[in-house]
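By written order: A, B and C. Residues from 1 in each chain.
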Amino acid sequence: MKSDSSMPVSKGKVVTAVFLKDVQIELRSRVVTNQVLPFAGLVMVMFAFALDNDDVLQRVAGGLVWLATLFSLLIIVQRSFAIDTADGALDSLRVAGIELSAVFFGKAIALAAKLVALEMVLIFSALVLYRVDVSAIGVVLLVTCVFCATSGLAFVGTLYGGLTAGAKGRETLLPLLLLPVVAPVLIAATRATEAAFGSGGAQTSEGWAWIGLLAVFAAVFGVGGSLAFGSLIDE
Amino acid sequence: MIVSFSDVVVVYDNFPALAGATFEISRGEIVLLQGPNGAGKTTLLRTCAGLLPIVRGSANVLSCDLTSDRFSVRKKVGLLGHANGLFHDLTVEENMSFWSRLIGTSDQDVKTAMQIMGLSDRLCTTRVANLSAGQKRRCALATLIVRRAQLWLLDEPHAGLDTHGRDELDKTLRAAREAGATVMFASHEIDRARNLATRSLMVAGGLVTES
Amino acid sequence: MSQVLQRTSATGTRATKVIGALAILVMVWVVVSGLILTPQDVVQGESVRIMYVHVPSAWIAYLAFIFTAVASASWLISKKHSMGFDRFAGASAEVGVMFMAITLITGSLWGRLTWGEFWQWDPRLTTTAFLFVTYVGYLAVRRLEGSAEQRARRSAVVAMLAVLEIPLVHFSVVLWRSLHQGATVLNPNGDVKMDDLMLFTLFSGVVAFTLVFVWLVLHRQRTMLLVDIANRQGLDAAIAARKTEGSVR
């Protein structure tokens, strides 16, 4: 057996490998599908118990969808890193000498895929439970909103998830760090979703400005995250 | 000199796990690290892998100065720590192909590594969660073998393996040495380890001495 | 400052004594002027006097934030990663969080006294609240386990991310509140007609608070330096103890 270092692997291949690994593990273990999605649906039902007013629910449906998303995001992010820290795989990833920014993107894209599934369930719950309607153009707005907001949430989630992964007393830091940072996403995504639902007389056209904000957020944290990730997960 | 440490201090939470380690290792050696629990063997191995920052002293591993840049040494070494670094929901095969995709090895190398470690057809499609501790360890060793590292760092590699597994491991390490690699391993299995090693270092109280 | 920890190491120097004395003097002037000499406001009455505390605190809170950001960036950029930058960043953040709390509390009280509302969702107030929580998070990150270098790197990166994120938060809140054009923005500060003495007192307040900020940060970062020196000396002792551990066996 020759002893030489293996050929360097392109960043794209690393991103793909990490993404496929995370997705494979989710498909195998079904934690998001069997635990988080039902949890999210349950949260939507509990909002109805707490708010107890059909008109109010219809009016705030957009906000409730994204609130439930954020709470579920905390769980999904922690799960995303638990699979790496359970048996010291994160250490092995660091020793592998690969570009950690590629690991960042691979994990973020896998996280985004799980988030999209989650948001589909939540929007569907809103349509059914809170009796909102979406017009055709509203659907376009909604899809764009989901895409842009999810990118931002996935980047930020992976970044701060990496920081708080592993050692004792760290996981509880995740909500404190993450929720303030995603406030712009909550505000913008909610307003865009309300525009799509037509809640409170909002016009679909008003939603597009918010999409711009979501896109900027995603771009900033996509770039910033890939630069910062390596420093944050290293010892 | 493959590894050269001079008065190295490594700290965990203000505790000096390594308190001035000084030693040298040349290419092609198989070096045994002996010592009581808490002596600093694990810390030493992890420092050589470039995972831990050096607070005092200087260290050079595979021509990389660890005090200024401990990141570039990482792809040249292979580390097997106490944990296995595996994904429990994936099968042995899937774990192997993930790690090999990350570092760019061929399918043939992966097959060879799995064969050497006795991970047969049945085992290779078993989820890691369903393997015994010894089988998990073999899988971890297989991921190390495909790295073809220049410096192998192993923390108690024999622990958990049956006799056959231990023999295969010894064979592998000798073969790696033939191919030009250097090996450092910590072990409590003194007899077997002494047989395998070309040299032995004593680690105690964060210091390293010849044994 | 000597690198050896003495039993009675103090963090004061001539500079801090001068700054401290000045701070007290200006502060006394501000208190006297703010509480007694300046007139009450035509609309708000006596409650306008909170302004002399609230506005300077807000100013210091933002100054501290900028300071932490600049110090963090300097740490990241400097080749030697000089720990002085990290200490300044940490000290500034701690003092900044305190002043941010004062800003939010005095702002609430002022709003309550003047308009009957403890809180308003206007952009400035909301962004300040977010900045406060972000900094609490930053301080929590500084307390994570690890060596001084690890702590410095992690917190510098988190501070840079905060710099990116605060404008996003601010902008989104501005856009959000602009939807509610109808509601008056209850900003007590905006409605005050200030005569010269009030303006001068306000300005003095800013000066006084800045002096207090500088004084606190200097002392705090020196305390941090002493902790680092103590740790280093402790490390020497620990290394010696560790070595004997080996030879006893």
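Throughout what follows, a residue touches a chain if its C-beta (ideal position, glycine included) is under 8 Å from a C-beta of that chain, and two chains touch if they have at least 3 such contacts.
Note that the structure is a prediction, hence the values are computed from the model and not measured.
Q: Please identify the chain with the largest separation between its CA centroid and the CA centroid of chain C.
A: B
Q: Please list the single chain whose C-alpha centre lies closest to the global protein C-alpha centre.
A: Per-chain C-alpha centroids compared to the overall one single out A.
Q: Looking at contacts between chains, which pair has the highest count of C-beta pairs?
A: That would be the chain pair A-B.
Q: Report, in whole Å, the distance between the mean C-alpha point of chain B and the mean C-alpha point of chain C.
A: 47
Q: Averaging only over C-alpha atoms, locate the centres of chain A and chain C and give their separation in whole Å.
A: Roughly 32 Å separates the two chain centres.
Q: Find the geometric centre of each of chain A and chain B from their Cα atoms only, then give the gap between the two centres in Å, rounded to an integer.
A: Here the centre of chain B sits 36 Å away from the centre of chain A.
Q: For chain A, which residues are shared contacts with two or more other chains?
A: Answer for chain A, listing residues that touch two or more other chains: 235.
Q: What parts of chain B, by residue number, touch at least two of the other chains?
A: In chain B, 53 touch at least two other chains.
Q: Touching two or more other chains, which residues of chain C qualify?
A: As it turns out, chain C has residues touching two or more other chains at 145-146, 150.
Q: Which residues of chain A touch chain C in their complex?
A: Spelled out, the residues of chain A in touch with chain C are 159, 163, 167, 169-170, 173, 176-177, 180-181, 183-184, 187-188, 191, 209-210, 213, 216-217, 220-221, 224, 228, 231-232, 235.
Q: What residues of chain B sit close enough to touch chain C in their complex?
A: Where chain B meets chain C, its residues are 9, 11, 13-16, 19-20, 36, 39, 53, 55, 204-207.
Q: Contact residues on chain A for chain B in the complex?
A: By the definition above, chain A touches chain B via 1-9, 13-14, 16-18, 20-21, 24-25, 28-29, 83, 86-89, 91-98, 235.
Q: Name, in rising order, each residue of chain C that touches chain A in their complex.
A: Touching chain A from chain C are residues 130, 133-134, 136-137, 140-141, 144-146, 150, 153-154, 157-158, 160-161, 164-165, 168-169, 171-173, 175-176, 179.
Q: Could you pull out which chain C residues touch chain B in their complex?
A: That would be residues 145-147, 149-150, 231, 234-235, 238-239, 242-247, 249 of chain C.
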